[in-house]
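Here is the structure we will look at, set down as structure tokens.
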């Protein structure tokens, strides 16, 4: 019985690159990983948005209306619904003049208990330290 | 009877992106464009390397030995063999500490008369001014 | 009315440059302009038929077919497609395949050329 | 000897990240390590069979097949492939298709994970 | 010449754009270029907005990213795809996508 | 932790890399990252080379671009693909590709 911790770090802004979306969909796939593992073994995924990556977390994305595409916002809400840990770097939000009010903080409408945590970079660095492996997107 | 002039401007370094190679192969295709046009009509392509794009012009690229891929150097030589005008920005070479000796200047071994011209940026700006359309790679 | 030649070298999925280019082509045709559309490099992915539509991924088969029906010419670079394993029989109806000179020839009588590079 | 899991999300042609990843996998297997290889996003282009080899374009079918023969496991993201029109019957022999959880599961007993993002 | 430059990225275009000269210059923010029209990094607007140019931003690409007309700098004009076509054919002669 | 960072680009990675901390840090230049090991812009070596880290550059990727071992900064070590595998398994625990 063991748990392997993966740290997903998203550093690119949304849409121009598929990376942020793929970070979210791959992290969410941690929920169905048991079918490949022995009983009690686990792989977990923690998500952190840093640098230009924090722009993924803006509210009111209209990608579906405008381009028929699931928004990064929806993917973040899916991650919260599935109880993944989602962190957003506080210093980077501040650098862009953004506040907690501007970002996707919960998925209450879907009954999610988990909320996005706006945290200092040091906490993201600690997550990286605690992870067994890192994946940068 | 008319001539349409296209200006191809390569601003990205080689290999990490397919753009520089596609700039060269598309510019070379100007040689066979007549089959679509009326007698006497022409489309010409002038090539200019600027910014990080000047790194495409370094000599002794070993892409074929190392990765089995035609080098950007070979594509530049093909362009010279087909009498295309190839310009490299002097200021950008200097910024990188590179000189004329470091870049592909001719394709003598293939009997090409045309040579690469290392020119001040102002001459590239003039080419852009004289072109009917611009294509940035 | 004018003619716009668009070249796009970006993947169908990823940068959303093709989403932009197809919407711009649609808006130009709507206003009575003629549009030629060239895809090369990873942009040739647009030419494959039978892509499965998922909401998570750009899917442009429907708008492309509508624009072709309205007179848009759309052509993929044959060598770029073949190198990627996209063969003639997998090409969407209405999509032509030619060598790169087609794109340059299209600029001859174009009023405007918008060249969108790849990744 | 250890196990290396490589994930690569870049196009077959363009960035040369897959050329790098395949060479690294080869060097690791050469030294007796086990390698799992995952492609997702535009990286699923690697899984298509019958690509035409041209010297101008990355072509990795041969080294991939050799590494599979030496025990490398290689898997493409099924949804990413289908969305691009890469269907099962066009998949290279030896290439598996699974959902994204395969990649995460592979990291469980991996000694090292190298995740290479896309464009 | 009359040149319209499409800026499609937030980080990568400054070097080329800085040196482009034109009698009439239009800068059109699309894709991730739209952040130039809205984001103030460390309190400063994008340096691009100081160029001697007309500025436009594609409304659909703003809204896709959770941004809107009220977020943009005052010297930037909101445009639709249809208005973009008008600009291309009526106001500029050459186009560049960076 | 012992972290090896693969730098694959010449322009885009500084922001993330600057803040990465590690007890032991290795920086491996591959793909267009190799220019960090060789190019002096306006006479200055890449700022990355001032980090407190071990530096490596992939020989094949240098040679592909027309550069060689004699062009690299003196604190950068030339490595082959085989040596890269040794580094990955023996010298570092976690890997990051930027």
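For clarity, chains are labelled A, B, C, D, E and F in written order, and residue numbers in each chain start from 1.
The working rule: contacts are C-beta pairs under 8 Å (C-beta built on N, C-alpha and C of every residue); 3 or more make two chains touch, one makes a residue touch a chain.
Computed from a predicted structure; not experimentally measured.
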Identify the chains adjacent to both subunit C and subunit D in the sense defined at the top.
A, B
Chain whose average C-alpha position is farthest from subunit D's own
E
Between B-C and C-E, more contacting C-beta pairs sit at B-C
For subunit B, which other chain has the most distant CA centre?
A
Between subunit B and subunit E, what's the gap in Å when you average each chain's C-alpha atoms?
28
How many angstrom lie between the CA centroids of subunit B and subunit D, rounded to a whole number?
33
What are the residue numbers in subunit E that touch two or more other chains?
8, 11, 31, 60-61, 94-95, 97
Subunit D, residues touching no fewer than two other chains:
13-16, 41-42, 56-57, 59, 112-113, 115, 117-119
So which stretches of subunit A touch two or more other chains?
15-18, 25, 52, 67, 132-134, 136
What does subunit A use to touch subunit F in their complex?
9, 11, 50-52, 121, 125, 128-129, 131-134, 136
Contacting residues of subunit B [partner subunit F, same complex]:
13-16, 52, 55, 58-63, 65-67, 71, 73, 95-97
Which subunit C residues qualify as touching subunit B in the complex?
7, 9, 40-42, 99-105, 107-108, 110, 112-113, 115, 117-119
The answer for subunit E against subunit B in the complex is residues 1, 3, 15-16, 19-21, 94-98
Per the contact definition, I'd like the list of subunit D residues that touch subunit B in the complex.
13-16, 19, 55-59
